[in-house]
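I've put the structures underneath this note.
Common to both upcoming complexes is chain A, partnered first by chain B, then by chain C.
Presenting the complex of A and B:
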């Protein structure tokens, strides 16, 4: 036993070199996988009688696997490739340029980590500096502002440096592409943000501007958080677990589907938990008297905690249980468009609640979010401007509570067969109303006399 | 010709691209496996990082050289014929600046002259630099 333990480093060394020499042969000994990268699954050892679902590629092997009641994993080509490759973890693959590149990048990462340490020390030292001057003097206030600006810039630089340290790592890239990125780490948040901004955010902004949600509902909106929407489909066979139907930005949603409150995913890309407000506004409610359109609020909830790891918001279950924190001011009203009316846009706006002014700059450091202030749901529900659905003015609501629009989503409704039923069930007045176009009298046409003008 | 006018005209750029992509002598595009492409990406990132570091170090070296030259010129500008700045002169107790006006920075002004520099390299460049150059420069009338 002690002999084995003593000879372990030597044994490891020999095993390592033998594996690189015999890279082409089937490895019967497994190499200890390093903690950072996962080695491919080892081949089954020659005396076992069970087939490995990752490496069974011959017809006989597949038959035996089926007898084991297991399904093969991956295509047959992949399984054949895996069964004939060695068990070297990716980062230790013996390609010279790759290993040289890795060595260079690791050296660079070490330098960057040192720089991060120095930056942290500098930041702490800067924060410890006290601004001297006469109390409430002009100069003192300016110096305090300058100091705050410098602290903020240094914090932002520190966050950038953290991302730059890991951005050249192929394992980080691989993990992120496989969807296993840990959102508590800045590098994965950065990669997810970059991915969202490269395509999906552009689509979202295009849909919002083309559908004119931006000037109609809010004057300007720069999405910072990504949103996803899905409605539950209540299938009669599985009453307990309803499936969710994803909705793309700007899709038409049938009235039966949108009668149930949806699930909204809100993904922020800076660290920290913040409280959000979600408002669903329909700016296309027809108003015959004024020959125009009104706004109507279909849903309003405040104090919803959102963080990079807690992104799911079930609009129907907010505030109901102790774990679903959030105060619902106006519960979900199904989206409906009466017959004859044009399609109606349902915009979902995500607003971030402000941080209290007394929070010192320390907590807004490093790109983190300061503690959001809780919005007083009681007083908001008493306010006559915001507890009615019809004529709800989101701009006024945003101004009153100092909210900041950080994200949006959009779907559209039009009249379909189920709308009347949904309106009746929800108890909405006017389920049998049909809009008709007003006949416009044509201008009198003067027929000219001769044949030439026919 | 008259019949062709009805169909929409295809962009010639598309034709050219398709020609070059589908030509039998064009090598086919490489398709890397996952691991192969990750290795390629790593090598590419490392190479670009290395090139950036090289470029920045060259830039910094040039900046350092420039700053050193600028500092030297500035020091020269404040020095008179005896190698003293105004402050040192007053400390030593020499007569005032009014006399030394032409002397202060004379060599600096001579060095900054830019007339006729590279149309034929001036003979003065062939001389080794000294701390105390003569006032008359080059004697063009010198014979053996």
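Presenting the complex of A and C:
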């Protein structure tokens, strides 16, 4: 009797597994269940003499695996567990508490999906409401503002609910941690954003504030998109195949490396494609006459489309290929610092172009995505304030075109062996100029008569 | 007849008596002046402690340059124990918390709640009309403090061609020298110049040399091992190995560490 009772959940589980093997369980993605429940590969055939990299856990087995020139996959504990257990997919493991919990979570998810449906209906009904005002315009405007606020907050709540529906799914968590998350889904975007904010964004903001990029280049900057930077290196053996060297925020980059235009990855965490402007500004150009520093723009490009799935921007190939869309106003100038001058900060600012008058939130909720306004590259390239590199004022550029700073990256450059060569190749005047500290006259003080008080 | 109380003799009378008797006195003891009454000190504590903290000489701490004074880099602005004042713009702090000027300019004493709600700062501005703290979100005021000169011997710029790598080259200070086929280097080793101006093999090469030699010998079907590879269960091979080992160790003991050791042992 007790045995029957104990076996009932297991039997239920096995019955369920046969029926739900091809049905969607908790995941919202459309990936096949075979890859969703990534069943571990079967153990090796007892008559074969080759070792399985997934199940070799004893020292002798690992040695034989090394002789096969194969590396073990996963930790030794995992390999031992896999070799000693049968091949059951994770979601079908016959543990009562686990299956009860799964059932509870599935029920919770069903409730949340219903709530999402209701919220959608409410939102559409609210948007269909027409604002009517009695007096000339004051009341009408106020009511319109209130309606917009309500729509915006309801939209935010809807996005939250979409994330809440999938946040408890262990397969979603596993897929995200394996790097297989689909960035078109809000849950994976949410998880990626949380991961970025937990560490890398803090590092970036620390670098930007400690190195004073924030007050010098822009008055304020809250990064919303994550950035990554890499410079191409050409190896002498295979010049055709260029590899990329990643640069961390604030790193010193050698002049030979930064002579080539880099690749910038821009990862937004909200859905839709938007047009961005990328500006590389150096605020540390020494000016001896003014006894201060000038700004110089090393790169400027507008109308670059960025989305959660298309994140790579090759600054050297913008506008030339169909993959890299964008209008380059100022092509890449190699970063350089003259001898004796302090190190120069090269700040890469990502600016989002404004969207047209229709508020983007409304259209995103209905499914369509508001397009950002295209910046007129022709008129911008003719503007005398923004087509010169020296004295480029990014604050003025941002104000003129109504841009919003959404992301930034930073690297530094200083004089090294290759700088003179890079400057000569780029035709920059001043490769043989060096800076030396100005001698400051000491303050006059009363000199005593005796030699002892020199 | 009235009874008169005996009166004490007057001071004058006593003085006369004292002077009269002093001539008859044989010894001259120090007689305390009767006019001066001795007084005892009030308490022992007022004399001070033996092991207490003593106040030292004053260290001349405090401000050395007032607000608005013109200073040059290095000038001491404030001497203190601990940080009553913190270094602000263009100032730095020495190892004993002394605040120095970092650039030529005018001294300013100020508070910057954005930087810290309670701290007091000493900073330097470049012009007399400027004040601190600097307005928030504004580009910082900075001074270059340098002059541009023509380089006396301009560097030879290495123009990066396709042959030379634009990659970050590994800076290897060691120049590789292989003195092959020579008496000094019979093994044909790859010797690099290391720190201390020593031509030597690198440590990892030395460590791997044994493995390399074994692999080379194995390729020819031989081995550099003194004893054959251990086969568990082969007692005859194990006995032969131990016999050789025992004989070798006995020989080594007889010989001693050096020639002298052996000779000594014999005696």
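In this text, the second predicted complex is superposed on the first by the 354 of 454 C-alpha atoms of A that agree within 3 Å, B and C clash if a C-alpha of one lies under 4 Å from a C-alpha of the other, contacts with A are read in each partner's own complex, and residues count from 1 in each chain.
The rule is short, and it goes like this: contacts are C-beta pairs under 8 Å (C-beta built on N, C-alpha and C of every residue); 3 or more make two chains touch, one makes a residue touch a chain.
What you are looking at is a predicted structure, and each value in this text was computed from that prediction instead of being measured.
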| item | value |
| --- | --- |
| Superposition on chain A - do chain B and chain C clash or fit | fit |
| Contact breadth on chain A, by residue count: chain C or chain B | C |
| Partner chain in contact with A:108 - chain B first, chain C second, else both or neither | first |
| Which superposed partner A:291 touches (first chain B, second chain C, both, neither) | second |
| First, second, both or neither for A:277, with chain B first and chain C second | neither |
| Chain B versus chain C as contact partner of A:372, first or second or both or neither | neither |
| Which superposed partner A:418 touches (first chain B, second chain C, both, neither) | second |
| First, second, both or neither for A:431, with chain B first and chain C second | second |
| Which superposed partner A:234 touches (first chain B, second chain C, both, neither) | second |
| Chain B versus chain C as contact partner of A:344, first or second or both or neither | neither |
| First (chain B), second (chain C), both or neither touched by A:258 | neither |
| Overlay on chain A, chain C to chain B nearest C-alpha distance, Å | 17 |
| Intersection of the chain A residues that touch chain B with those that touch chain C | none |
| Chain C-touching residues of chain A, taken from the complex the two chains share | 212, 215-216, 219-220, 233-236, 239, 245, 254, 256-257, 259-260, 283, 286-288, 290-293, 338-341, 417-418, 420-425, 431-438, 440-443 |
| Complex interface listing, chain B residues touching chain A | 34-35, 38-39, 41-43, 45-47, 49-50 |
| Sites on chain A touched by chain B in the complex | 90, 93, 95, 97-98, 100-102, 104-105, 108, 168, 170, 173-174 |
| Of chain C, residues touching chain A in the complex | 70-73, 75, 104, 136-140, 142-151, 154-155, 157-160, 162-168 |
